[in-house]
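Two complexes, one shared chain (chain A), two partners (chain B, chain C).
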Partner chain A sequence: MAQTGGLTLPTAKPWGLPLRPVTALRVAIIVAVVVLWEALSASGWLYRDVVPSLLAIGQAVYATLSDPTFYFHLGTTAYEIGIALLIGGLSGLAVGLLLGGSKFMSRAYEAYLYYLGPCPKIIFFPLMIMWFGVGPGSKVAMGAISCFFPVALNVAGGMREIDKVLIRVGKSFRANTWQMVTKIYLPAMRHPVINGVRLGLGVALIGTLLAETKLSNRGIGFLVIQAYSIFNMPQMYALLIILFVISIGANTVIGRFGGLDEIRRS
Partner chain B sequence: MPAVPFERIDANAPKTARRDPILVVDDIVKRFETPDGVLTAVDHVSLSIAPGEFVGVIGPSGCGKSTLFNVIGGLLDGYEGTVRVAGERVRGPHPAVGMIFQEESTFPWRNVIDNVAFPLEIAGLPKAERYERARRFVKLVGLDGFERRYPAELSGGMRQRVSMARTLAAQPKILLMDEPFAALDEQTRLLLGDKVLQIQQQLKQTTLLITHNITEAVQLSDRIVVMTYRPGKVKRVVEISLPRPRSSEIVSSEAFGRYVAQIWSDLREEASRGLDDEESRKLREADTR
Partner chain C sequence: MTATLANNRYLPPALGIGSLIAFVALVELLIRVGLINRFIVPMPSDIIAAFPRVIVEEHVLSRFLLTAAEAFSASILVTVFGVAGGVMLYRYQLLRRATETWVAAIAAAPLVLMYPLYLVIFGRSALTIVMMGFTAGLAPVILKTLEGLSATRRVLINVGRSFNLTPSQQFWKILFPAALPTIFVGLRLGLIFALINIVGVEFLINFGGLGQLINELAERYDLAGTYAAICFVILVSICVFILTERLERWLRPVD
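On to the complex of A and B.
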């Protein structure tokens, strides 16, 4: 670039704010929500304690996080979601590979997945309780069922979109089936697979927690519904905030897996 | 500049290699079922290549040259006739045959060195050995220094050289190339042609090049097989007696020009048949709509 003349790009921040405009707007909405919330809480318009003050919620978060029994429940939920993701994810991957790899199979079965996929899985919950009991088993089943569909559909779609020449390259080097799957199909499908797992994690969280709030004796969902039944509103909000933070964290971790090579390339 | 010997183009030049051939394509017929009936893509095509020879196959679009490429490479079956590599009949991809494809075919998730090491990984070579060999072939195509780069960071010509290094790293006895430079611009194409000539001289690589580019075919080949438009038959075989080692500078020689003119006069008839066919098909499609 030419260095002559006094022409410089406007790098100074507008309005003298220490933040970029986007960041400033992001902060502004949080501030607005906090102010509104406090105003609503102090106004007494709503039924008592339905909107507790942020201080009370903060104290409840602290109390929850320093309570050892909370970690037992957190561990239970994490375990349920982990196993659900493993079962639902692996079976979704297997079914997705089968449907994506064979036109015949996909024409025969994929319609079922399309129609069952968006169905609310909670309708299976009474059945799951009868099959797997009130404990973690039925929650794992709910999470796994929820997770299976998005993973299977994403994998099947992703497999069909693989550049065909890459498959011919693999064949011309005489790769066997296992090598084709692990060295060509799966890496070529990394984006749809990661995307499927991310969607799967979301619905596995929903399935598991929803099941816990319906009928259970342990887990975060159970704590939420317990707080609700004794009308401990700050405790309930505290649990929701903690859950929110955990699910954002889990999503970020999964997103990083798929994004690594893109970040290095760009 | 030394005088370029020019021999009369001989219509009766031998179709087959004079020495013991390493690749023999014998009387291949390949038909496809299409909605408009059976289409004969390759019609009784025979050719053979001696070790170290560079043979070009040229023809208009739709002459079945890519079909021939896939048949020889073992990626297509259900044909009549036989393909033999060093006397052994080809059924499926043969370890002695290496293929370079027309399309972009590098693996975007592997960097240059891992792309080139791919066939060696498939073959189960120990890690140290395959990287040592991959580095050698990356250097051969002139990409040393780019080993850790990903395909998205390279130009089209560089990516095609990665594909070339990857196929060569498997050390095939016969190299098959299907319009490897079709997606590149003319200048890059000529320079890559130089690279191919240089590599071929270094490795004494037996090569079959499928192309529709006359300049490319004459620049690189010892013999050129001209194919007819649908059904694809061998129309003529032209011996290219230009001296080796060659470089892209040869395109300005008088002899080169005469070969190009001769091949174009053969090809022109076929290409215009193809064009007519295409146009009347489009007309029919428009009528039926």
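On to the complex of A and C.
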């Protein structure tokens, strides 16, 4: 009994290092990158300031984070992305439910979404400026368009993959439509819906920020392009680092939701 | 009843095309009536009429070829470095355990926002556009290559072992062919990411092929032309997706 796991050998720490090899390698890679970066920065091979020293970037990150105007721009961008996610996400959810619930509708319309989905959305920006003006409206529209497609396609796909048994259980309990949606469909589709929102957030972020870099006077995208136009490279690196940390963090947080769900189901 | 309707071969696609045409006709009508401002949305008939003008006067073919060349260069780079990166992570499992989450995080990051940085490093040139496409497409190819190689069936690897294959034979005769369909899924993703970013950056920095065309026409306030150019870019990207999808289906093993 219970002998199946008996073959695992005690893991010895190789090379007598205090760290696990994976951690040691990670530290080594980070140190190597830092050393290379500083060497490149000090060498003067590239244009001055294209590769600023890490100290300068660190100072810029600190200066940016302690500047109140940064939070005004961050708030503007967050507001635009939030509204975009709301509009794009809800319309995506509605269209996804419609397409996923009816084979006829899906065969009639889903191909259009499927092929429009991966098109470069930023090319619609000139139209959005015409329709919604140069203010936050056009950025929200860009984010909403970007976010709509992954949510709609994921919801439609998720709805089709619901276990038929669950639907039959609901029907045999004589659940009405509202109960079916809240007790059966949505809980069963949680995983694809969350995944759709995760993808949607990623592309809404890109759509909104790219629109801000093209034409705006506020938002993080505006700050990035302003740092470019006055050639403040440490500032640009700082903004990009902050942005990547925020977006990867948001992605991980939403991904955890989906992951948790998966573990519970299995 | 609905099931037979849904299974009808022609009816649903006909409805799709029919509603598209009806929508376009409705827009045309609303503009003619004056409910939609024609200086914001041009008439669909004007857009269709603008197609030949845009194609001839704006040198769409040479622009298309320029964008295609940029996409092609980026995909070559993505293929070489992405597949090599995936193979390296598969070969050195320690490296994989150390960096796979990093690569996944990079794949999720909004990399295209680095374009102002690339403008500084590579200048306002085709190189910036190609490098942006390359950066955007790299991570998915690495991850998919790694996934394909790791998912090679144990039995195939054992067959190779029992034939006493050398490591390089084992790779080229067993692992690589087994992983090829998954690698191609990654390449298709990488190509699509590269293409999106290439057209996007062309538009944003007003340089190069099809993306710049839209920007230029919009800045000239040539509304019908802008809409026509956008339709053209969408058609081109749809053709690319369908083509690569066919290729992917052809490569996928029958199981």
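Assume the second predicted complex is superposed on the first by the 247 of 266 C-alpha atoms of A that agree within 3 Å, B and C clash if a C-alpha of one lies under 4 Å from a C-alpha of the other, contacts with A are read in each partner's own complex, and residues count from 1 in each chain.
Note that in this section a residue touches a chain if its C-beta (ideal position, glycine included) is under 8 Å from a C-beta of that chain, and two chains touch if they have at least 3 such contacts.
Bear in mind the structure is a predicted one, so any value in this text is a computation, not a measurement.
After superposition on chain A, the partners chain B and chain C are accommodated together without colliding.
Put simply, more of the residues of chain A are touched by C, taking chain B and chain C as the two choices.
When the two structures are aligned on the shared chain, A:Val22 is found in touch with chain C, with no touch to chain B.
When the two complexes are overlaid on their common chain A, residue A:Ile162 makes contact with neither chain B nor chain C.
The superposed model places chain B and chain C at 90 degrees from each other around the C-alpha centre of chain A, with the value given to the nearest 10.
In the superposed model, A:Leu86 makes contact with neither chain B nor chain C.
By the touch criterion defined above, A:Lys171 lies against chain B but remains apart from chain C after alignment on the C-alpha atoms of chain A.
In the overlay built on the shared chain, the residue A:Lys183 is in contact with chain B alone; chain C does not reach it.
By the document's definition of touching, of the two partners only chain C reaches A:Tyr115; chain B does not.
This overlay, made by fitting chain A, leaves chain B and chain C with a least C-alpha separation of 11 Å. Looking at chain A, you'll find no residue that touches chain B in one structure and chain C in the other.
Across the interface of their complex, chain C is touched by residues 21-22, 25-26, 29, 46-47, 50, 102-105, 107-109, 111-112, 115-116, 118-120, 122-127, 129-131, 202, 205-206, 209-210, 213-214, 221, 224-225, 227-228, 231, 233, 236-237, 240, 243-244, 247-248, 251-252 of chain A.
If you check the complex, the residues on chain C that touch chain A are 2-3, 5-7, 11-13, 15-16, 19-20, 40-41, 94-95, 97-99, 105, 108-110, 112-117, 119-121, 192, 195-197, 199-200, 203-204, 211, 214-215, 218, 223, 226-227, 230, 233-234, 237-238, 241-242.
Those residues of chain B that touch chain A in the shared complex are 73-75, 92-93, 95, 97-99, 101, 103-105, 107, 109-110, 118-119, 121-123, 150, 152-153, 170. Remark: chain A residues 163, 165-166, 168-175, 179, 183-184, 187-188, 190, 261, 264-265 touch chain B in the complex.
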